[in-house]
Structure formats: C-alpha cells, structure tokens
Amino acid sequence: MATQRQLIYDYLRHKKKFPNIWCAGCGIGIVMGAIIRAVDDLGYDKNQVAMISGIGCSGRMPVYLDFYTMHTTHGRALSFATGLKLARPELKIIVVMGDGDALAIGGNHFIHTARRNIDLTAIVINNATYGMTGGQYSPTTPQHMLATTAPYGNIEQDFPICELAQVCGAAFVARSTVYHVEELQGYIEQGLEKKGFALIEAVSYCHTTYGRLNRLGSAVDMMRALKENSITRQAAEKLPPEELQGKIVRGIFVDREVPEYTELYQKIIERAQSGGKA
Amino acid sequence: MKKETTKPGIGRYEVRLAGKGGQGMILAGRILAEAVALYDGRNAVQTQDYGPEARGGASKSEVIISDGEIYYPKVMNADLLVCMSQEASDRYYYDLKRDGLLIIDSTNVDRSPTTRVVAVPITELAVKATGREITAAMVALGLICGLTKIVSEEALEKAIRSLVPKGTEELNVKAMHAGLEEAKRLLEAGLPISLPREL
Amino acid sequence: MQAGEESQAVEEAPPETTKPRPKRRGKVTVFDNWCKGCGLCVAFCPRKVFELGPEGHPVVVHEERCTACNWCVYHCPDFAIVVELVEDGEQERKTGQAVGGRVRR
Amino acid sequence: MRTAFLQGNEACAYGALAAGCRFFAGYPITPSTTIAETMARELPKVGGVFIQMEDEIASLAAVLGASVGGLKAMTATSGPGFSLMQEHIGYAVMAEIPCVIVDVQRLGPSTGQPTSPSQGDVMQARWGTHGDHPIIALSPTSVRECFDLTVTAFNLSEKYRTPVILLMDAVVGHMREKVSLPAPEELEVIDRARPNVPPEWYFPYEETASDVPPMANFGDGFRYHITGLMHDRAGFPTQRLDEINAWLTRIFRKIDAHVDDIAITEAINVEHARTLVIAYGCTARAAKEAVYMCRRHRVGLLILKTLWPFPKDQVLVAAHEAQRVVVPEMNMGQIALEVERLVGRSKVRRVRRADGEMITPQEIRAAIEYKE
Amino acid sequence: MATQRQLIYDYLRHKKKFPNIWCAGCGIGIVMGAIIRAVDDLGYDKNQVAMISGIGCSGRMPVYLDFYTMHTTHGRALSFATGLKLARPELKIIVVMGDGDALAIGGNHFIHTARRNIDLTAIVINNATYGMTGGQYSPTTPQHMLATTAPYGNIEQDFPICELAQVCGAAFVARSTVYHVEELQGYIEQGLEKKGFALIEAVSYCHTTYGRLNRLGSAVDMMRALKENSITRQAAEKLPPEELQGKIVRGIFVDREVPEYTELYQKIIERAQSGGKA
Amino acid sequence: MRTAFLQGNEACAYGALAAGCRFFAGYPITPSTTIAETMARELPKVGGVFIQMEDEIASLAAVLGASVGGLKAMTATSGPGFSLMQEHIGYAVMAEIPCVIVDVQRLGPSTGQPTSPSQGDVMQARWGTHGDHPIIALSPTSVRECFDLTVTAFNLSEKYRTPVILLMDAVVGHMREKVSLPAPEELEVIDRARPNVPPEWYFPYEETASDVPPMANFGDGFRYHITGLMHDRAGFPTQRLDEINAWLTRIFRKIDAHVDDIAITEAINVEHARTLVIAYGCTARAAKEAVYMCRRHRVGLLILKTLWPFPKDQVLVAAHEAQRVVVPEMNMGQIALEVERLVGRSKVRRVRRADGEMITPQEIRAAIEYKE
Amino acid sequence: MQAGEESQAVEEAPPETTKPRPKRRGKVTVFDNWCKGCGLCVAFCPRKVFELGPEGHPVVVHEERCTACNWCVYHCPDFAIVVELVEDGEQERKTGQAVGGRVRR
Amino acid sequence: MKKETTKPGIGRYEVRLAGKGGQGMILAGRILAEAVALYDGRNAVQTQDYGPEARGGASKSEVIISDGEIYYPKVMNADLLVCMSQEASDRYYYDLKRDGLLIIDSTNVDRSPTTRVVAVPITELAVKATGREITAAMVALGLICGLTKIVSEEALEKAIRSLVPKGTEELNVKAMHAGLEEAKRLLEAGLPISLPREL
C-alpha cells in the first residue's frame, strides 16, 4: 500500500486545489480518502477511472481527484455516467452524490440505473440534509428533525436508500459511515470490482447545517454519534425493532450476480451484426 | 410621468466590510445597516457577496448610508473600507475614495496597500475583550462607530442585541465597546483619519 | 479488509497513557496549510498524540505514543496528516501500513 | 404601515402572504432559497401549506394542483430550476391556471455562478416553454417593489387566469433595505372570478367579454375537465380548427388587449429626452444614479417593471424624441432586442455585462455620453 | 348497488364522449368500470371525487368520468394531485397512470409520493409498454420481449411496482388484473378508504402494440393469459421460485397504518398558530 | 448514391449514422419517435448503442456522457421533451460538449396537439435555457435535407464543440419522399479536433486561434475536469472575472465570428426583388410554390436552413431592395421578430398560423399581393 | 367483496350447454354504437350467450342461458352491455346485482 | 445565389385517400407514392394526418405526384379523392378540383356529396376477393391504378409486395387485382370519370 504522501501525490490535484472547500470536519473529505485508497489498493490505472458527480457539497469532490472528472447537474450524475459507461465500457466509473442529489431530484435516475444494473459504482454521501444550499430537509432527514424548510419539524418518512437500490435490482448494496472508514473503503472496493450497479451509502452527517439546527454538537460530537449509534446488520438482526430505532445499520445488503447492461448490449450488437432479428 | 429633482448621492456614504467567510462580515454589514436605518432613522442599503465556499472563501458586505433615496446599492468609491484579511485588503483597496478611510485588522493583514491607514489589531482586541475571535466583527463595528460617527452608539448596540444569536448579546456588546474605546484612543492620538464630509 | 467484516473500532486511550512505548511507532506530520482545525484527530487519536494548538491546529505533543494506527490519517477530511512508520530501533523508516485495506493483488 | 429592514426575498414572501398566497411548493436553490424558508415558517401561521417537493418539476405541478383546488399558490427558484419548470409553465398557460413563479436570476448558463446576480433569464421567461403562448413577467428594482410586485403578480395571475413570472435578480433578492410595508387594508387584492351560473351551465374556457372565463375550483361542485391538450370551451380535447383558433386567439388577446393594465413602467425626465435609458431590475438603480449624474444632457429614464408583455407603447412614447437609447442589462442584450425592433437598431446602445457583477452608473454614463 | 345503466348515467360523461378512444378490447375501460363501481359502492358523492391522470392511453380516462377531472403532463400526475390534496384534503383523489407515466418519466414522483404517504389512491394500469406512442419498451416490459425500440429484445429488468411502493412507505399496496376485475374493484375500494397513499397495480396488457409485436394473439387471447398466468400471493408463497417465473402475483402486499401527510401537516398548522417553535 | 423512399425522420436517422453518430439516448414522443425506432434498429448493426432512458432529462444527460466518452451522440424529441431538455442544453454549451438534439416540432403549448405540425419552438431553441449563451439551430425543408442537415448538425457540433439543435417539424418528419442518399465517400464528415499535446500540457478550455479548443475524450489519457460552473481554461471552477469574461467572450465569438460558415440559406430570385419572402422548414415549400405562382411580381425567396445564429447578412442583402418582406411561419411570429429588427417593422408582413395546419401557397400569395 | 379474497374465476361453459334454464336470469342488451367488437364477451361468457354477428358486434343468441353473472358487464371495456335481472316467472324486473362488489354501507 | 426556372406544379397530380384509422389509408398512400417514385421513376411525396386515436379516428394520407420537383407537399385542390368513410366524404369533398375524380366506398358511404362520383362497394369487393375487410385499401389502389393510370400495374404490385406485412403479399395483390378488374368494368361502362390532364 502506498503511503499517504504517495496517495496525495498520485491521486489528488494537490498542487492547486487544496485546501478543499468543505467545512472543517466535514466527512466528504474522509470518503474521498477512502476512494483513493480503494482505487490504489485495487491497483487501477488512473487512466482507467472516471468520477462523475452531481451538484452539492459532495458534488465538489471531482475537482480534487486526478481522474477523468465531471461535475454535472443536480440529480443527473447517474444519467451522464450511463452515457459515458456505454461509450467506454472499459472505464471504472465512480459516481458521487449527496442524498438530495441522488434521491430528491435524482431519485428517478437512481431507481432506473439500479434497475438497468449498469456497471457503475455509486456512492451516496448521506448527510441527512441539503448541505450546499444551507440545511433544508432532504429525503433522508429523519422524521421530526429540524431543517430550515422544516422549522416545525420534518413530517416526511425518510428513504431507506439501500433497500430501495435492492428492490430495483442493484447487484451490490452496502452501507457504512465515515467513522468506519476502513469498512467503507472495503465496500467501495467490492463495489468497484462488482460487475453491475453497486450502491454504497456513506453516512456522514452535516454538522454545519443539520447538526447546528438540531443542536447535535460539533463535528467531533457527530463523529462520535456515528460510532455509537451504528450497528452491523448481523447485530441488528438480533435486536428487537424498537431498539433499532434511530440506529444506522451497517453492512452489505446485497451481493448478487445479475446480468450487466453493457454486456447484454454487447450481445445485441453481436446479434445485429450477424444479421439477427431486427 | 413623474419628474424627480432630488439630487442623488447627497450625503451618500459608502462602506465596504471585507474578509473571509466565517469572520462575520455579512452579519456586521447587516447590523450596521439596520442600526442606521431602523434606529438612527436614516436610509441604508446592505448587499453582500460571497462564493460557494460560504464557510471559508472571500466574503464582503457593503452598506450604503444616505439621508435621501439610495439608488445604486453597491459601493462605487468606498468612503470606508474595513479589511479583515490580506486578500480583502489587496483586492478592494483600489476603489477606496482618495479621501476615504481604510481600516485594516493588523492581526490578519501584514502588508497594507498604503500608509494612509488605520491599522488596528482587531482580532487581537476581540480575543482580549471576549476570548472569542468571532467577536472581531463587533470590535470593528465599534471602531467604525467611534471613528466615523456614521452610526450612533445606541443604535449600534440595539442592532447588535437584536441580530446576534440569542445568549451572545453581552459578549458582542462588550466587543463593540472594546472597539469604541480603541477609536477614542486613536482619535485622541490624532491619527490621519478622513471623516465623513457632509451628513 | 474484506468488506462485511466489522471494522476495528478504535478505542480511545485514557488521557495520560501509562502504556509502554509502542513497538510500532509513527512519525506524525500535520500540514498546517491544509488543516482546518476540525479537531477530529485531537479528539479521536486513541493515544492522545495531539493537542489543540493556539492557532486552532493540532500540535503533535506525544509522538512517542503514536502506534501508527492511521486513525488520524484516514479520518482527516483535509489530507493534512501523514504518519510514517518507524520500526523500533535501527529499522529504516517505512511507509505507513494500513490497519485494514485490501491487500494489493 | 410597518417599517422593517428586509431582504428582497423576504419582502417577496411577505408580499405573497399579503396577496393571499396560501400554498408554496418549491425546491431549494441559491439565491432563491430564503423565499422558501420564509414561507415554510410563515405559511402555517396563516393556515397555509408549505411543501418542499422532490424537484422543481414537481414543485410547479403541486402549485398548479393547489391552485386548481382554490389556493393562491407560488413557487420560487433560480436558473436551473426555472429551466426545469418550463414544461409546466406551458401547461399553466394552456389550462389557464393562476400561479406565481419567482425566478431569482443568477449567473448562467448552466450552474454558472450560483452566488452571482444576473438578468440572463429575461428571454427565457418569454420563450422558455415550447409552442406559442403569451406570458406576464415583472421585475422589481427594490425591496419594497419585491413586495409590491409580488402582490401585483398574484393580482394579475388571478385576474387573467395565467401564470405570472416574477423575475427578480440576486441583487434585489439578497439586498436589505428599509421598507414600509402597507397594511392589509391599504392593499388591493384581486381574487379569480368565480362562476355565477349553476354547474350545468358552466364552461371553464368560454369566450367572455373580458376574455377571461371565470374559474371554478375543484371541490366546489363544478365537475369539469382540465387538459394540456388543445381543448374546447368545456375543457375537452378537440381537433377542430375553429375551436383551436378560438382558444389561441383568446389566450393572446386576454393579455395583448390589456397591456395597458399590465405594463407597469416608471418614467423619469423622459419628455424631450434626447437620450433615453431603458432599464429594469437592479440595473435600473445604476441607471437612475447615472441619469442623475448626467442631468444636464436631457437624459431620460424609463424603468420597466413589466417586461412581458413588452411595454411597447411606453417605450415608443418615451423614445419619441430620443436620438439614442441606452439599454443596460446584466446579460448580452435581451430586452435590447425588443427595443431595437421598436425604435430601430441604429439608435440603440447596449451596455451589457454577463459576468456576475452589477453594471455601474459610470458604465451607463459612459454610454450616455459616448460620442460616435 | 346501482344498475349498469344507472352507473353509466351517473358517472360517465356518456352523452358526448362515447365511444371512448381506446382500442377494441383494451382493458383500460375495464379498469374505468371498476372505478365507478367502487365509488358507487362506497357511496361517495361525485362532488367529493377528483381524478387526475398523466399522459398516455390510460391518461385519457378522466375525459369520460363525471368527477373533477384533470389530464396533466406525462409523468407528473402525482405531483399535481399532491398539490390538490393539500389544498383540498376533503377530496377523494384517484390518480390514474400508465406504467410509463408512473414509473419511467414519473418514477421520482411515484417514490416520493409513496414516501410522503399522502392520502391519494393511485392506480397504475400496467400494460407492459408505452401504448399511446406505439409500443416502445417501458420499465415494466418483461426482459427479452420485443418492443419498437427493442427490436432485438428488451435487456432491462422490469420494476416490481408493488415492492417499490412498499419499500418507499405506502400504506396500502395491491395488484390485480382486468380479468379479475371484481378483485380489482375491491382493492380500489380498500385504497379509497385507506387514509394514506394507496397504490393499486392493474395488469392489463396492451394487445395492440405489445401483443402484436410479440405475437401474443388477440385481446381475447391476452385476457385469457391474465387468467391463466396469474396466481394469488397465498398460492405464490407455496410455489418454488422457478415456477413463479412469468406469473402475475395478485393480492394485497401491504395494508398498514402510517401517519398521513395532510394530517401531519394539520398538526404543524396548529403548532404554528399556537405560537409553537418556529 | 442510394435511392430510397423515406420519411424525414428516417432520413434524419440515416444522416446521423452517416455522420458517424454511434450513440442515441431518447424517450419516445410523437412525432419524433420513428427517429428513435430507426436508431434502435440500425445502431447495433454498426456497433453503436441505443438506449431508451427514463425521461428526456436523462436522455440528454446520457448523450452528453457518451459524447465526453468520444462517441458522436444524438437525441430526438418534441415540444414537451424539448422543454425538459433545456437545463442540459445549457450544460452542453457551458462544458462545450458536441451533440445533436432533434426537435420535431408539434403543436403546442403544453401537450397541445401531438399529431399536428408546428414551428412553435424556434425562439425556445434560441432562449429556452437560462443564462446567456449562443446556439446553433438548423431547419430542413425536405426529406433529403433531413439527411443533409443532420450530417451538417454533427459536423458543426464537432467543429464548434457545441450542441446543435435540428428543428424539424411534423410535416418534414413524417413526409415520405424519394431521395438519393449520398454514398459515404461523397460526404464531408468532421470529427472534433483532438489535442496534439501531451496530457500535462492540455487545457480543455484554452483560447485558440479558432476559438475552439481541442477536446480530449475521457478514456484517452487526458484526465481533466468538466463542470457546469464558470470555469478557467483548465476546466476548474473560477470566480475570477477575467476568466469568466474570457470564457463568455470566446463562447460567443466561436459562433458569431463564424456565422458565414454556419448560416446556410437558399436564395431564389432575390436580386432586385421588390417583395422578399423569408421562410424555413415545411413552410418554405409552401413559400416556394407561392413565389412561383407570383413570378411576375419580382418576388424573391430566401429559405433559411440555419435559424440560429440568425443569417443576418443574407437577410440584409436579400432584403436590400425589398419594399415588403413576407414571413410565413407556423407560429404567431417568431423569426419575424428578428426580421423586423433587421429590416424595420413597417416592411414586414407576417403570415402566421398556429393551429396545426400548414400554411398554404395561397395564403402566402395573398400576403405577397396584398395592397395596403 | 373483500379484497384479498380470491375472485371467483368464471368457468367457461361447454359450447352447447345442456344445463337447465337458470333460476337467475338476465335480459342482455348490447349498445352497438359503443361496442367496438373486441369479442371479449363472446369469448368469455360462461354460458355462451353471444355469437359474433356479421357486423363484428356480438349478437345475443341464447338469452335464456344468461345467469346475470355480469361477467360481460364488468369486462366490456366500452360499457356497451347492460344485463338486467329477471327473477323467474312473475317477479318484477330488477336491477342487476353484483357477483362480488362490496355491499353499500 | 441560385435562380430557378423550373415551372412549379407542372404535371402535379394531387391524391387524397381518406378514411378511418385502421382502414389502411396511410399504408395505401405510402404504397401508391412508393410505386410511383421507386418503380415508375417519377416524383412523389406522401404525407399523412391522423388523430391521437391512431386506431379509430379520422385518418388521411395524401400523395402528390409530379415529373418535376414537388414543393408544397399537401393537397391544395385534389385531382383524386378516395373516401372510405362517410365522415371523410363529408369533410374533404370541398377541396376536390372542379374536374377532379371522387371515388367513394359505397359499402361505408351512404350519402355522396355529389353525383359526379364513382361509387364502388370497395370493402364489399375486398371481402369477396380475399375474405378480409382490411384489404379494401388494396382494392382501392387497384381501382385508382385502373381508372387513372397514374401508377403502372407493375409498379403498384411491386410496391404492395414490398410494403405489406410478410405472408400477406398474395392476399393483398389479389385484392389489388379485384380493384383493377372493377376499374376495367367501369371504364368499359363509360362512367363519368375525369382522368389526369397532363403527365
């Protein structure tokens, strides 16, 4: 494994773009670290890796990474990535999204991309809010919590991101937190190696907006909460539902073989070119 | 059709507060403007600029003060420029009026663009007065008040109390007083300061 | 590491550790110009190697306690910490090694 | 009269409430978000509903649904979201559903510069949705006008059964100013005309003297049909050319024949002006400053508060004696196109900026005083 | 129960709008019949019922029904309905959508409306294709089948509509077919009576496009297939997965109590008006 | 040369394939669907990819992703879908990603009349997305031109690194005509300029002599950044005014300075014409018929194949001696606005129809011969 | 009916039914101007009451067999069939009654 | 700039085929146009109109035939109008040329708008010839061919074979021949028919 110095030198656009724009203590940078270590660990060539993001705090990640990088529009990163993947099936494509990006405005692309099971590694950084625009409620804001647009408390149920991806047909689905960054890195590696759509949810509460509004303390306090309020799937199975309330369940939700889209399309090309039924 | 005769720019006084995101410059501008407009009974318009790095990048706040109507809401040539960071000082000095007043926070600004400057260790004074860097903006407001009189002490204090986060009122007012005192000291020392011309 | 395994939760050490000087040791460097002073490293370093400095940045005050566990390296959101492995005694300085992380294939 | 120190965005929200707005659906986007945040806080206090939808498309859809249910309804967004709303703006025109859409313009195209102001969406407000349609768009120059024109926007939308676009910009939206807000009883508030016939006789898209048929709300016993297809006077899809043309003619006429009522402008020293400045939004403030700087030169200023339908007559009258017409805009020249069409290309000098900075009075002055 | 004559007279815009525009034998009309019988059965006043649709063959249904009717844009019916419901919580709102409408372009509104659990009765008429535009593949076209845009066979997984609604948080979810129209009517009644988001999937294959392209026979043949290839959930549970392949599983998937959106919002109004935390 | 009897939509698809298009993402919509259906059948035969996306927003996104990956890519839609694509058209302009967007115009606004033709989206093509931006839009008048202009659209998009809009209408799209298609070797096919520097030296948004920087495809070893934010020459977000202005100026200049290359028109008998007809799309065919009907009257015809950037010089030259300019359009007057701006309002007579029926030669003739 | 119960699948009768004249009988009317001739009623009527006529519309050929089961009424996509219940013998003609359907409350 | 001298409308022959969706009028138009253009070596343009009820509503197809360039692609004044439904006949008769030819399917059209009409029980003939109503469109094409000669028999047959669904070629050609024979019969009977003027 490369040293941190080497990783910084190899994978970050370190000369010009640092320090990054995120708030002090924001977990997005931690996810970024996990990504570069995963890529390094797997021994990928940088010329083989693309990163595509939407708009949001998380959406700024590609600026810092020395891959093919594309910062698209709010909610549509997966659709851009689908086009790129079909054009360049040989690329490893990592799609980084915020929870609003992936599941509010981008919810449709999320479910359809999972359904198509196209070979992308999607990372949703779930900070339970819209960070970039200053703390409005998102589809993952827990019920009853405050947000700038929910001054009387949020009344919506939150999306179970992993279950959603699973029901739609994703090949690999897992959740971890920025506290458990090594576990997270492992999931990212598995996602990258999986042929098919891989969804990794990285829980990383935004302390600047969500935390402050709900008086959850500093970045340090919220990091501690990730440690204390999370539990593995194995452990969760043994708990009664009441005790699971408010817990972050970590682990792999799905890991299965599903025919992958670009491969299936390749077969169509072969059929068409051999004069098959049109 | 309406014909207007009001002369524009009469008594127009332009203030720019510049620093980094997180230094409270936008709140300071709002406090200054609200003090002038709501409690001193004159007119004020406040605008702001900031980057996407709401928490870190360059940020500035502008306040136009006048007894008449205010048309252009931005600084054309600043009468007063307060710079809380080196970058701000480098960048904004160019449109300070010839006889405008430049205040720099010497805690953060090493190289002043000119010698006609009031250099005050604003952040240092803040830490000294309240123990909290973040109150530097209030020290700056006190300083402005004391040096230029464009806002009254009472109005400024009222505005601070109504706009700072609940529970931090005393702390912030204390910082403002630290600024006021420093201003008094400076005025007594007779530093080269250009004060507002009319109004 | 293989995903699915439980990540090794790092335990915080008591403030004044009395443990013997670790076998595996780290040389800790903080890049002040990238560090934003969030305090994560200070709070979570299991060996309490850091203290918050006057500028708001962490200061390495107990390097000798560092076990090169890399917690701080992996969790610093700003890539502002580098820990290099120092094997006890004569051994040459080596690259930091992951606690977890999949073995390169 | 209530004096306060407000942001333009807040004033817009208060204006909406004063106009009777009781529904807001939106999706956050800089620099419009504080409108939503204010509405989220204030609406429930008056029994209204705020909802944050999953995107801007759904936001405008929900607004239209609520309006059909009888609530005055609004959404607020900025460039990228405004682009996403275009399909439903057309639907609102087609189905004649009143609503107010606020676009706090930021620097585009695309994500552009979210925190920088602009006036880049003026033509989009007119032409952004597919197919021919008329539109009303207003643009405030001050915090007080953010309040007033929001009230006007609701009034016009109810009066003409049409979507109204409030084109703010990030300067007026985020600017704070001292304002005195009118008391409720000082305000004229217009509500949509409701049918005064029994349900069996009601035709929701009938020809009327005013060209605006009364609108029944769903839930009030008038069971009629609404569609985005070309429809007959009963609201049902039609392919008959006579019915399509009747609709099309009426929909344009109801706006065009009432330009006088809709077109709001402010004229300063325009009589005998040799040079006329035409400006709107935040740029009008720079223009005002500039015009006063050049008092001696017989310079007039026409401020457009209504951008669409274009205040053609006011422009023609004001430009009557002008040898030069200066049009400063924070874009590459959009309203200038209309002005050129009306007064002739050769007379018009554009002052344009599309980099996110306000145009200064000095720049406008230079154009006024420029010797060819 | 009213006679058919009475139903036609009471609920259909029978004087002008018939015969309807659907192809001979299309099941959309059958669903329409189930809806009016359900409304009649429940004794609702017509002035209490609104129907909102998107665009598609199914989207034309509101034209024929004497409720408050609104034919909106493609994919967005649920969002319009959400606004109407919030403005008029007292209305019973039926939302009729095609599978493309509800799940392709409208997929995002589908999952979010379910998540909010707002009191709407949504009926998805699943004809396995885009009928109106002439037989392109939709998110419910089974894999390997032909469509005008899948001349070499469809390679996408299809959405499990009911499971999707369930995972997102709907209060009531059921599936039936137009062959089993009385069962379908029962589900529609249950959906209408349920406080919360109710989703009823009505399977009704389009014989004109989907059927013709895939040589599935006439409307009669395809109706017979609905009978023969469907199975109740109870029966399905006893079958091994292989035998379930290609079967339509009918039944109630969820029927649960979840706090409803307009009711929760009413509480916010009460809190705000009593000066609660803002 | 291959003679066939084709629909305009099919010819468009074949044109795309001939131009090297290897990716199509779309969502069905009348009257554009047969383009998608043809591509679904033909693309795999040449190793290309067809995908039907979940909506039009995703369709254009996928097209842009594929183009960044190096494939020539296209989508096709109609009014409602075109409205939904607006945000991404702006993104393509901002990020300078070549692509072709076909809009087969049908009667709007809103759902309108899906099976009826129209020319109602002309201004939308120019102004539909937020913020200031230049655009290229072409409009064919025949089946053969559907083929040719699709090839041209790809060529221009690759040459200028910009989205190009092909504004068809439901008449030319669904019309069948005998056409002779050129053999591959007869066609000029332009591919994007690729960098000829080592990756370390590459700046994707650099100023170049042509104003169009070479474009590296993702996967080719040039690891650069693409964003919808205002960016510097390396593609990274910037707030510096000098960089924003440099970009903005270049992006307009690369189109405006090459209008000659982009603006395609066909002039018939325009020299010394006293009456000039300006027409485009299917309406140009009615105009041609009408002009020949009025041969005696010194009537000229200028057919615009390029609508944007507007062929200003050609119009000015052709209208030079004209006392009357007749502009027939299947809308309420859109191109007429530009024509009025250029030649003066008083000269222009609009012939307009927005009910889904073609304008007839007789209607145009009446306008030509009309005595005021 | 209570949803969740299995809907009573209607069995197709043999072409020439020999069953006795049903107790519950229906009077069947087809509106030709609404009927599109899809043939569902002809194919699925369990008592084979209809035959396809020369115009492509169903013709009621064996009304006596009709049990007023309402299959055709519920499945006609065009609302073109009405079946009125005729109780055997003297009984007044009554409105058709649902096989399933929830009882009005 | 290009100057054109070709005279427009020379030999322009305008055909409209109108009926209901499902009667195959659009396919018929396409066959006629393709026969003329690809196999008879002349020019043809075909357009169509239909409602959203692709399968049921009114539908029409127009074919313009010419030896020169065809500009306006739609019927201005029809030389030939074929009406397969009452609605079509009522609606489109108005723009038939004074000396144009009107053919109606007397199986479906009861009231003819004029007496100058060729009334043929087209659908009936189709059913008789092939047993399938849907082949009526081919009978109509045969009739057109036989009566007007705007298309050659060989071209028409080729076009039919290439455009009808696979496996139904013989059936459709049979129907076309039924139309041709009926035409022959009519011509022999000397009915009032206006034939194409030039070309």
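Order of writing sets the labels: A, B, C, D, E, F, G and H. Residues in every chain begin at 1.
One rule holds for everything that comes next: a residue touches a chain if its C-beta (ideal position, glycine included) is under 8 Å from a C-beta of that chain, and two chains touch if they have at least 3 such contacts.
Here the structure is a predicted model, which is why all the values come from computation and not from measurement.
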Minimum number of chain-to-chain contact steps, chain A to chain H: 2
Given chain A and chain C, the chains that contact each of them: none
Per Cα centroids, the chain farthest from chain G: B
Rounded Å distance, chain A centre to chain F centre (Cα mean): 37
Centre-of-Cα separation between chain F and chain E, whole angstrom: 39
Centroid spacing, where centroids are CA-atom means, of chain D and chain G in whole angstrom: 59
Rounded Å distance between chain B and chain C, as computed from the means of their C-alpha atoms: 43
Where chain D touches two or more other chains, by residue: 41, 44, 54-55, 57, 80, 87, 91, 110-111, 116, 227-229, 237, 239
Interface hub residues of chain B, defined as touching at least two other chains: 51-52, 56
Two or more partner chains touched - positions in chain C: 36
Chain C contact footprint on chain A (complex, rising order): 1-6, 8, 12, 14, 18-20, 22-30, 32-34, 37-38, 40-43, 174, 176, 178-183, 185-187, 189-190, 218-220, 223-224, 227, 232, 251-252
Touching residues on chain D, where the partner in the complex is chain E: 23, 25, 41, 44-45, 47, 49, 51, 53-55, 57-59, 61-71, 73, 87-88, 91, 218-219, 221-229, 236-237
Of chain A, residues touching chain F in the complex: 16-17, 46-47, 50, 52, 55, 62-63, 66-73, 76, 79-88, 90-91, 108-109, 112, 265, 268-269, 271-273, 278
Residues on chain D engaged by chain B in the complex (per definition of touch): 3-5, 114-116, 171, 174-178, 266-271, 282, 285-286, 288-289, 292-293, 358, 360-362
Touching residues on chain D, where the partner in the complex is chain A: 27-30, 33, 36-37, 40-41, 44, 50, 52, 54-56, 80, 110-111
